[in-house]
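Working notes for the structure below.
Chain lettering (A, B, C, D, E, F, G and H) follows the sequence in which the chains are written, and residue indices restart at 1 in each chain.
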Amino acid sequence: MLVPEFKPDTNRWQRIGIEEAVFCYSKTVSQIESIVIDAKEDQRNLFLTRMSNAKYSELEGTIQSLIDYEAVAGTGIIGERPVVEESHDVAVVTAGTSDLSVAREAERTLQYHGFGSKSFYDVGVAGLWRILEVEQELRRFSVVIVVAGMDAALASVVGGLIPSVIIAVPTSVGYGVAEGGRSALESVLSSCAPGVTTVNIDNGYGAACAAIRALSAQYSQ
Amino acid sequence: MLVPEFKPDTNRWQRIGIEEAVFCYSKTVSQIESIVIDAKEDQRNLFLTRMSNAKYSELEGTIQSLIDYEAVAGTGIIGERPVVEESHDVAVVTAGTSDLSVAREAERTLQYHGFGSKSFYDVGVAGLWRILEVEQELRRFSVVIVVAGMDAALASVVGGLIPSVIIAVPTSVGYGVAEGGRSALESVLSSCAPGVTTVNIDNGYGAACAAIRALSAQYSQ
Amino acid sequence: MLVPEFKPDTNRWQRIGIEEAVFCYSKTVSQIESIVIDAKEDQRNLFLTRMSNAKYSELEGTIQSLIDYEAVAGTGIIGERPVVEESHDVAVVTAGTSDLSVAREAERTLQYHGFGSKSFYDVGVAGLWRILEVEQELRRFSVVIVVAGMDAALASVVGGLIPSVIIAVPTSVGYGVAEGGRSALESVLSSCAPGVTTVNIDNGYGAACAAIRALSAQYSQ
Amino acid sequence: MLVPEFKPDTNRWQRIGIEEAVFCYSKTVSQIESIVIDAKEDQRNLFLTRMSNAKYSELEGTIQSLIDYEAVAGTGIIGERPVVEESHDVAVVTAGTSDLSVAREAERTLQYHGFGSKSFYDVGVAGLWRILEVEQELRRFSVVIVVAGMDAALASVVGGLIPSVIIAVPTSVGYGVAEGGRSALESVLSSCAPGVTTVNIDNGYGAACAAIRALSAQYSQ
Amino acid sequence: MLVPEFKPDTNRWQRIGIEEAVFCYSKTVSQIESIVIDAKEDQRNLFLTRMSNAKYSELEGTIQSLIDYEAVAGTGIIGERPVVEESHDVAVVTAGTSDLSVAREAERTLQYHGFGSKSFYDVGVAGLWRILEVEQELRRFSVVIVVAGMDAALASVVGGLIPSVIIAVPTSVGYGVAEGGRSALESVLSSCAPGVTTVNIDNGYGAACAAIRALSAQYSQ
Amino acid sequence: MLVPEFKPDTNRWQRIGIEEAVFCYSKTVSQIESIVIDAKEDQRNLFLTRMSNAKYSELEGTIQSLIDYEAVAGTGIIGERPVVEESHDVAVVTAGTSDLSVAREAERTLQYHGFGSKSFYDVGVAGLWRILEVEQELRRFSVVIVVAGMDAALASVVGGLIPSVIIAVPTSVGYGVAEGGRSALESVLSSCAPGVTTVNIDNGYGAACAAIRALSAQYSQ
Amino acid sequence: MLVPEFKPDTNRWQRIGIEEAVFCYSKTVSQIESIVIDAKEDQRNLFLTRMSNAKYSELEGTIQSLIDYEAVAGTGIIGERPVVEESHDVAVVTAGTSDLSVAREAERTLQYHGFGSKSFYDVGVAGLWRILEVEQELRRFSVVIVVAGMDAALASVVGGLIPSVIIAVPTSVGYGVAEGGRSALESVLSSCAPGVTTVNIDNGYGAACAAIRALSAQYSQ
Amino acid sequence: MLVPEFKPDTNRWQRIGIEEAVFCYSKTVSQIESIVIDAKEDQRNLFLTRMSNAKYSELEGTIQSLIDYEAVAGTGIIGERPVVEESHDVAVVTAGTSDLSVAREAERTLQYHGFGSKSFYDVGVAGLWRILEVEQELRRFSVVIVVAGMDAALASVVGGLIPSVIIAVPTSVGYGVAEGGRSALESVLSSCAPGVTTVNIDNGYGAACAAIRALSAQYSQ
């Protein structure tokens, strides 16, 4: 047959502590189905990202039933690691309701790797009291993922308030100059708050992986 | 002679309430000198912008003595309108020390047109307490000019706190993605705070002119 | 349940004189429905933006009947403030027929906040007589919103003719280099007329909010 | 010797009616000197562009004396064609004083090819009366070159007023988004006036060549 | 009723020799229908651009029958000017088959204004013999419109071969860096052939209007 | 006096564990001198960044003697925190010799805050054996800062080899598309290795601050 | 009839050793059908690129049966050259499964011209062992085509390992800054490995043509 | 001492057939001197690129005397490989005189590796006869490097005429949209001639390395 099998990076978890994810966006339904079947046969866990509701609906029913799917996040989980003890390792903060799917992608990635998280949604700086209200609580998290589009000012404000690891995820929410997320990305890269890091636009999965690196470093101390 | 005279838009103040400024950046020393001499002969006021200290130093001594020059702002004034009664019409807020020259250009433009202003410098959101400390005082100004580079998060924070007219001036301070001021410009254009307007990067003169339009509208009520 | 409630910035009007708007573009039908129901239960007014006709049509009939919807503007209103006395506070000027939806978004935002406006549509500079014909009438408005795409030359021409507050809204009408509205945005930012301000591309809502800030400053004098 | 001789496109004038120009910007002083000497020996005419005053000053005195040099335009002429009868073929219109050097480059190129031109400087749309004042006179020119930076609104206004061939030259005058001339270029490309053409930023030479093409077509009718 | 009538620039033809076109891309079917009906009632000619086949099909049958529609060009004509005597005023040259619709838009615009044209399609420089084969014939046209996407090298080659007025139309044909037409646009703007002018990407209408300006200047000699 | 004092964010270290740095790039010599004097009088530590050798040389001798200056890094230190026990917390990896100054800025920032680091310079992937040679040693560091320009492929390779926190610093080394560092920045943002984070181009200071956030989280476990 | 025939560059193979391909993306179904029929009548071979499955399905059945179509590659072949003896001339290496269609376009282009190739799929550097595993085998190919999106680090790694001709094809796989393939393109252009060349984003056809040029040069030695 | 030694990729020639070059642009004079001394002591050959005449002049006289320096190319050679028999392997073609330094960098790189080349300078397509004149001669070279800025149309024309390996080097010659070389780069990437490859802007060294890869493949046949 023409199309080669998906070639998993089998020892990635052993090597870097992060499981390979299956990026479904540019894969066909039948490619995804055969990847799921392979994993089932090998009794391997599997994490699927960027699988739209429409694509999920096209999967065969038996395949669907193998997957713990969440439409908002566009992620599917087959198996997952046991939760680590300390359940609130990471705070996930969003500026607006529209950033929700990216935030959920991050949270599901953490969950799949056995890490808990707590959500602080809809606390953008246009109503500054919302983030100030939770400032003290946020300080208790060693890692804070800030999901924000448009001006992404929330990342700078959070970065100036608390000492935690700050991982910004600029989002593509918005129109005009904000379309596609460039304004948010450049805003977090030029943040006036020191030590704010970022990942690619809309990359909730990547932010969670960066959080896992930070948490793993802590637990191995 | 080859080079034509500078052709002033003589009735601009009568027409739109703003005096024409002489943009010195791309003019030669001798062009500026002849413009100043013409104004003196006609007993006209004159406002010069973007005149570097180096260029000012090259002007003839007699020309220099006609000009009230300020190096930080790069502006020169010959004559100015009497101060309007209410002396604190406009607040000029800056994020960092590096935004100073743009802020001063705005303040000098206001002064030349007879409007007062008060400065709130160095109140960037990395140390959020600085802007919160002056929030109540800022509410008393009908127009607030926010001068900020890099992520320009200050414009969004101020816009979310107070009801005044907000005119942002993104600045070209910074390096990497912030170089040239694009990140700051896009940040203020996509501000999550409603009704924040902006002018071109580093355009302190334009921000002051916009403020004058807003103030003129108020005084003519 | 997974998805959190919409968290309104409840005291925004008290704080800055502008109501929070619900940006419907990236919200699902069911999210919008539950936001409308909540508002109804709390007897709160509500302003919905960027709701396409298609999305509106998918709302339940009872929800639809609660909303004063206008398809051209893509806005929905539930309740609104009584009109302020002076009915023609703001002029809304457009260059071409294609800028209509952005202009209507601005006008509906003003209406929701109790401010009147008068429209001057289709007066682009390719037929310069059209804007010159209304120049004297335009001078009577303290705030002029100029909606224009492509070269957006109208904003500069209006800014050079009258002393009012000028808020430009570059639009994404056009193709080639004009696609997406960047050429119009950069044109208004580099306007040769002094004191022209701008908001994001297609941001009729933001222009109206800026107008409200200017009008509020006037009325509180 | 390492460096090859300059290889002129010897029959360009016979082929397309335009002489090759020597673009001096990226040539060394000695390269220019040997090009001039070669032309002198062959009794060929020569047109030099983008030669800064500094570079001209470094040329040997005997070479300098062969060149009719103009510093504002940065052009040098050795020989030129006799003036064609109708002396005012082309109007050269500029928005501001800063566009002068580009305008002069165009005028000198025309002169070298035997075509006259008339200058209309400093008639930008911020003071609209300036261009309206000369509208009737402009209509008499079959070709109008419009030199303008920043928003370049002048090109659209002129294009909407008169039927002549309109060749826009966007200039790099300006700062912020106008820096380098991109805003002006995109503005003229998206002009709302039909049939406005453009050449590269600051390309006064190219605009004149386009004018020569249009004039040649007329005279060969 | 909410939506204002389309406001034609009624004396454009008298003023600049070009008729206003109705840009249908961003107009609704009912807007187009009412524009056509108005023109019919006033016995005015009408030229419609960027009307897709899909949109044309949605028009009412009686409206359709009033329009001379051509799908490739996306243009509709109601009435047109009598053909001027010299039938081959303009050559329209294309690089590839994919540039056809833009070329046809130009040709139909010329036709509507009474000017003839001759097509030279599919003569891109990858097979250089194709353009060399027609070089002598092309020299006889006073205006040559070159329609080309991707590297748009054809415009430079033609510009270097013949003395005619050259109006390039970069097209959005292509993918990768050529997507949207920017590479073609920048290529023609930096053409090594002197006096090549350009209009916006895909703007066949604009190129024809520029040609009309050049032809009108010739005929009025 | 016109120019306001530098307004330090006095409790930044208490709040977020990072000291404010003085960005000298856009400050004058006299501004820097007065900042140093103030710090000395208050017996405060001080960290100066982006101070070129030229600017340092212009400082008064007594001021110079107060500063531990390093030209490669462009940083100055007045006082610093005692070294934390574990001396090799952070690895700083560079692709080429030209990335040195950015790497040193990071290392000096760490040193000022009491954290040690070890350098792995000149291990770019064009000679892949260089990074593979140190792979096992790198795994022992909880934080790895990767400084790389051009294609910045090193960040992806390191991210795929080891589980540590990876903070990339794209650098502006290079020419053509690599000029200014955009290619390197986009490369690390789209890294195929999961969980690689980045800071602004050339921002060695920011990378070190991000490392401090990660280390602080570990030590507070 | 309005639309002209497709004008083939008939002697391209004789001239440059590469057959003209029919780029179907912007052609209509009926245009493609008539091109196929013409080729059949003339007994010419034909290579069709960028023909989506959807477009292929719309072709008439008799036309379909003439074409050897492959959906993944989007290519169709009518006739082809006999395979040259040495069957493994070119290695085609991909970073991820999503790059498959571009890789297949290259392989089919080679096949059509009589050259063999061997595939090495899914060997991206996030799991570096995958490319190191095949390093020795890759050295045996005189030409290696590297297909990679996102950071395209694979091209630099391969370029640093082996002496073969390296032709990179950046792909548009990815989102955020990687969307459209610009990050991959700039990465390969700034590759730290010497002598890596590139073609346009997603241009598998072009990479194969470049490989054919290199192979032809070898065989003619 | 603070600054580490330059760490050569010692077996690069054995591995990939290309010697490492020392990129002098971002190195200090003393760094270069110590690199030269090290090479001398080890009796290693050395190739230095991007060394301006100014930087070369600052080297110590004894160091200078070790280097075969050429100012136009900015390259220095210490030792070189014996010339391979066939002396005219590569043709180097340039569009204009301004592309000379890039062409020379390529030629010197070839020379250092033992490969000959022949120059065809100043044959840009504005005077098409110049390239047609040498077409037959060019066909004899297995590799042709085309150095061209601005519209870089020469690469497409050459690619359409001859079957050789074509390596384009876009140059940064030019102003306006051509400034920095982006227009030339995008032009060659979207070349209508099949199988044209490119390297980074101004990267004469890289083009020569690509040529060496192609030649090595031929000679090892």
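Operating definition for what follows: a residue touches a chain if its C-beta (ideal position, glycine included) is under 8 Å from a C-beta of that chain, and two chains touch if they have at least 3 such contacts.
In this text the structure is predicted, and so the values were computed from the model without any measurement.
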Both-way neighbours, i.e. chains that touch chain F and touch chain A: B, G
Chain whose average C-alpha position is farthest from chain F's own: E
Reference interface C-E: repeating pair among A-F, E-G or D-E with over half of contacts shared: E-G
Most widely separated chain from chain A, with each centre as the mean of CA atoms: D
Rounded Å distance between chain A and chain C, as computed from the means of their C-alpha atoms: 34
Approximate Å spacing (C-alpha centroids) for the pair chain C, chain F: 45
Junction residues of chain E - those touching two or more other chains: 20, 96, 126-127, 159-161, 176-178, 185, 189-190, 193-194, 200-201
Touching chain combinations (by label order): A-B, A-C, A-F, A-G, B-C, B-D, B-F, C-D, C-E, D-E, D-H, E-G, E-H, F-G, F-H, G-H
Chain C partner contacts - residues on chain A that touch it in the complex: 70, 72, 96-98, 100, 104, 119, 121-123, 126-127, 130, 173, 175-179
Contacting residues of chain C [partner chain A, same complex]: 2-4, 6-7, 9, 12, 20, 23, 25-27, 31, 50, 170, 172, 180-181, 185, 200-203
Chain F residues within the chain G interface of the complex: 95-96, 124-128, 149-153, 156-157, 159-161, 174, 176-178, 182-194
For the chain C and chain B complex, residues of the former touching the latter: 15-18, 20-21, 142-143, 159-167, 185, 189-190, 193-201, 205-206, 208-214, 216-221
